[in-house]
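The two complexes that follow have chain A in common; it is paired with chain B in the first and with chain C in the second.
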Partner chain A sequence: MTSLASAAGRQTTPSAANVQLKYRSQAVAKPYFTAAIGLFVGQIIFGLVMGLQYVIGDFLFPAIPFNVARMVHTNLLIVWLLFGFMGAGYYLIPEESERELHSPKLAIATFWVFLVAGALTIVGYLAVPYATLAQMTGNDLLPTMGREFLEQPTITKIGIVLVALSFLFNLSMTVLKGRKTSISMVMMLGLWGLAIFFLFSFYNPHNLVLDKYFWWWVVHLWVEGVWELIMGAMLAFVLVKVTGVDREVIEKWLYVIIAMTLITGIIGTGHHYFWIGTPAYWQVWGSAFSALEPIPFFMMTLFAFNMVNKRRREHPNKAAVLWALGTGVMSFLGAGVWGFLHTLAPVNYLTHGTQITASHGHMAFYGAYAMVVMTMISYAMPLMRGREANSNRAQVVEMWSFWLMTIAMVFITLFLTAAGILQVWMQRMGDTPLSFMATQDKLAFFYWLREGAGVVFFIGLLLYIISFFVGKDEAR
Partner chain B sequence: MSTSFTKSTARNIFYGGAVFFFLLFVALTFDTVQALPKRDNRANLTEQVARGKNLWEVNNCIGCHTLLGEGAYFAPELGNVYQRRGPEFIKAWIKAQPTGAPGRRQMPNFHLSDAQIDDLVAFLKYSSQINTNNWPPNIEG
Partner chain C sequence: MSHAMPRRVPGDLAMWFFILAELAVFGLLFAACAYARWQQPLLFARQQAGLPLGWALANTALLLSGSAAVFNACRAYAAGRGRAGRRWLLACLLCGSGFVLLKGHELGALFAAGINLSSNSFWMFYLSLAGFHYLHVLLGMVIVTAVWWRAGQGAYAANHDGVETAAAYWHMVDLVWLVLFALLYTAR
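Up next, the complex of A and B:
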């Protein structure tokens, strides 16, 4: 309690003389984290709109058709996670490298470029029909638009590459001149991989099968490949700080986890190659390797719990520890268990492209990536604001937001799973299968429940934001 | 973890495993690309189909529909719609949108010309003849 009280007493310390930051330039992460949270709010608002359109089909039509809302929902997710990863990179790389960031000015300039480009893209989605946006941005010169998650105009994609290069240059120069730790090497490998595999988004052949085949080199090799390296490095960094466990032990865990990630996950890409025109042998390769993909996620759970159990210090930031444990558990459930649920080819034959896929997508993204970014924000934001940890009151609010969002996401996933099972049963398994739309009508009850859980998630998110404004503890 | 299993052992497994399995993936990809001509219906990939694919993309059809099971789950699978509904129904349907039926899911009208709708249908026909290992399980998609 004394450390909490003294931390709270330092709340008004100006950031220029921030005693909590080892390197002043780490503070460039702050706008990145702030933007990430702001875009997260936008993502959830559009999620609620879509959830309602599932049951009230003409809600907001024609102002915001479903495809537009979905594009905004998924693109905001990707962009806010990227802001989170970049903020994490700018925060942890200087500390690991034991030197100031190569160029804080470049980091801030990059921030504004990325934010403005992202905002303009979202405004474009909402302001004009998508075909008009494609025409305005010269999609015909290099057509890359209109593929799931890669809907951004080609010029935005080029902008993303430039932002990534600026970011990677800045961090790589910092690492090269400083101490090289396993955590910083893994983080850099993940971030470079992210940028390199994004380049496949520029390959869009007329041949649909080739298009789909290499589309997964962006999407799968991101979320079930290099992003897990970034996640592992972020989690390891926070665990070193909050548990005080020997770095050698934590870094050994990190290497074992990410080794399993890539050993299972690269060939695991094959679970997307069952039904898109690719040879049938992918059903064997994809099933076998992706069935092992839960292993690294389960190790992530063990890792977080073991390190916290073996902690050699009591860090006053309990909320950050809770997020670290939470991401370990929820990534295993969402990515591991819900992924395995439909990854074997004979099962996937029936579940492919149903609400089962949607249920898995929601919990996996929240559990692995949203939560690891919030782990990092929870740990680093108080330090950037000049205190070791937030006040007890603020942490209690933050922990409430953790539980509300996490439990709501469990229910969203369960309701979508229920809808998915019924969809498979009615539309694909019976002797007299119903049409897609007739099936959807029968699932309305579960979609309403999902929307209710979504509202609870949103309340949790608002509480999360409120936690940043809760002041110090009252004197006892 | 035991002390005999060191961090550098773990690191070597990581680098070795990553490189080995990525190379294996590249080899499988090479084999797949060799095998595709017999499966991906490229014989029927005409100029018209390419124009249709572009229309499919710039109108963000994937934002509501699935195609070979990939996309959004708000509207029906279109990989086999050519067999399910036939070309004339598809054309009439696209022109008749939105239905305006209260409370029902609405598809926008994309203001396509007759020639463009023909291109789109050609693309859907080409897509429907890709060898998908008998997916979807039935005609309802």
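Up next, the complex of A and C:
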């Protein structure tokens, strides 16, 4: 991972010959994207390890216990997506603002700080028991550890805040001095929101209900709130570039999508407040508002297809267009449809915390966020490497990787959904309900199938990486 | 039809998407409320009997007058009578302010009496629906105020889409109130 990133780091000062970049400083996005892909590989490897632990309980035990593998899998996901968003920010904000980035040097320094902090954290997870890590990093002084997705040591969290501040300072200064577009405004709103809501990870009340209540202010208001703004802005940026459709049209869509996201998503947080000790009105509020959360995702699908249909140019980067359309479809399915499946309180009463949740989590994160980052990388990386689009051969390989990963993810989702339905039935609905572990044993068949689909996903990801290295000779 | 009216929605299309989403949320809340009412008819009947119908009627009159005013504003702008249009917008704002004061007083009194979202199923729906609707009246007033202010700068001399956009939103707020009024105050 690190070597990939450093290789890219050496190339961050673009040669003057790179005519594809409107602003030289956009090239700072390259190491961010490279690191994102590297960490993505790590995430999938740990996903495969964990998938195997579902069926072979002591696989790699005690070196990598299940809880550690899970923590690494989810934390790497978040960190690589953050790298992707940051790269996207550094790439698109100068272009939208029509000026160079405020400080490219700061962006590179921030990159190394973030990468080293992230790597040290993962090494910490793997090298010492979690409790020891908490002790070593002074968690007693300001306890923030031990919560799902927010397992990072307090010191890492402080580092994330500093990195985010440096990143936001750099981009905000660029936007303030330059042209303001709705794409850059929505992107900045999303990124500032991301940083602000992360601050709730430092609030760790003793009361478990309050703890969970505010924990969702990070987790939900990220993925079903401000991240959707970032996603909308990234998608709009790529669509403006590859379709040549009027900005006015794209901006109107963007505003409507953002309005829908906020109307449904903010109070939609309530769908996490069922059965955790919060007042009962959340069941009604959470159900009603979150039932409409698929709408902005569906509009994103319509948006992507509409813009591509109305395109005024044939962009040579077909792979980027495919990723953009794929993001629209898969985010609607994963986040919208699979989210709706278990968002209504009476349904969630039975499905809460089962494999149904896991199936939704997988397809939503892949369809919305992993894919939008890959859309951006697919569009921007060739430009940063000095060509409008990759060679035909490279694009064919990339499209293969798109289909392998996407179809594999559909199957992962379907297998987990099947497992989830059976789990609900055997554990919670039957006349003689089984215990949690007895149920898990009966689901082994589906977990094996899921692992198989996971291997196909991994092959797709490897092909994706290979696509960066093939067909250089016939570059356009 | 050979001489059909031009097929367009008044105001900004984006506002209609927004309205659609708003109506969908309220629709779901109304459906949930109707279901709860069907489940607990006695509770709903008893609490409903104690609601101040007179105030609710006054509030209905205020909102509908607001709608009439904003409608007249649109007509005035369409006819090129900008000054009259601006006065109608002000009239709409006055009606809205009356609603906000009356309803605010009523909600304040309920909270002072110790009623909250967790009191029972009726009050949960009453306060949720009334509260969300109240916020929408406030937003409607913000929108009409913005249009009134822009109108003062001559923004709608050539094209009064902005006024129609605000009017559409105000009508939606009224429409929601009418259903809310029927469901919470008068349904038997």
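We take it that the second predicted complex is superposed on the first by the 455 of 476 C-alpha atoms of A that agree within 3 Å, B and C clash if a C-alpha of one lies under 4 Å from a C-alpha of the other, contacts with A are read in each partner's own complex, and residues count from 1 in each chain.
Rule of thumb we're sticking to: contacts are C-beta pairs under 8 Å (C-beta built on N, C-alpha and C of every residue); 3 or more make two chains touch, one makes a residue touch a chain.
A quick note: this is a predicted structure, and the numbers were derived from the prediction, not measured.
In the superposition on chain A, contact is made by A:263 with both chain B and chain C. Touch criterion met: A:295 reaches chain C, while chain B stays clear of it. In the superposition on chain A, A:99 contacts neither chain B nor chain C.
Looking at the shared chain after the overlay, A:284 reaches chain C, while chain B stays out of its contact range.
When the shared chain is aligned, chain B comes close enough to touch A:276, but chain C does not.
When the shared chain is aligned, no partner comes close enough to touch A:442: not chain B, not chain C. Which of chain B and chain C touches more residues of chain A: that partner is B.
Residue overlap on chain A between its contacts with chain B in one complex and with chain C in the other: 252, 255-256, 259, 263, 279-280, 285.
Within the complex, the chain A residues that touch chain B are 50, 53-54, 56-58, 61-62, 65-68, 70-71, 129-131, 134-135, 139, 143, 145-148, 151, 182, 204, 206-210, 212-213, 248-249, 251-253, 255-256, 258-259, 262-263, 266-267, 269-270, 273-280, 282-283, 285, 349-350, 352-355, 357-358, 427-429, 433-437, 440. Those residues of chain A lying in contact with chain C across their complex are 252, 255-256, 259-260, 263-264, 279-281, 284-285, 287-289, 291-292, 295, 299.
The touching residues of chain C, when paired with chain A in their complex, are 13-14, 17-18, 21-22, 24-25, 28-29, 32, 117-118, 124-125, 128. Interface of chain B with chain A (complex): residues 1, 5-7, 10-11, 13-14, 17-18, 21-22, 24-25, 28-29, 31-33, 35-36, 39-42, 45, 49-50, 53-54, 56-64, 66-77, 98, 100-108, 110, 126-127, 130-133, 135-141.
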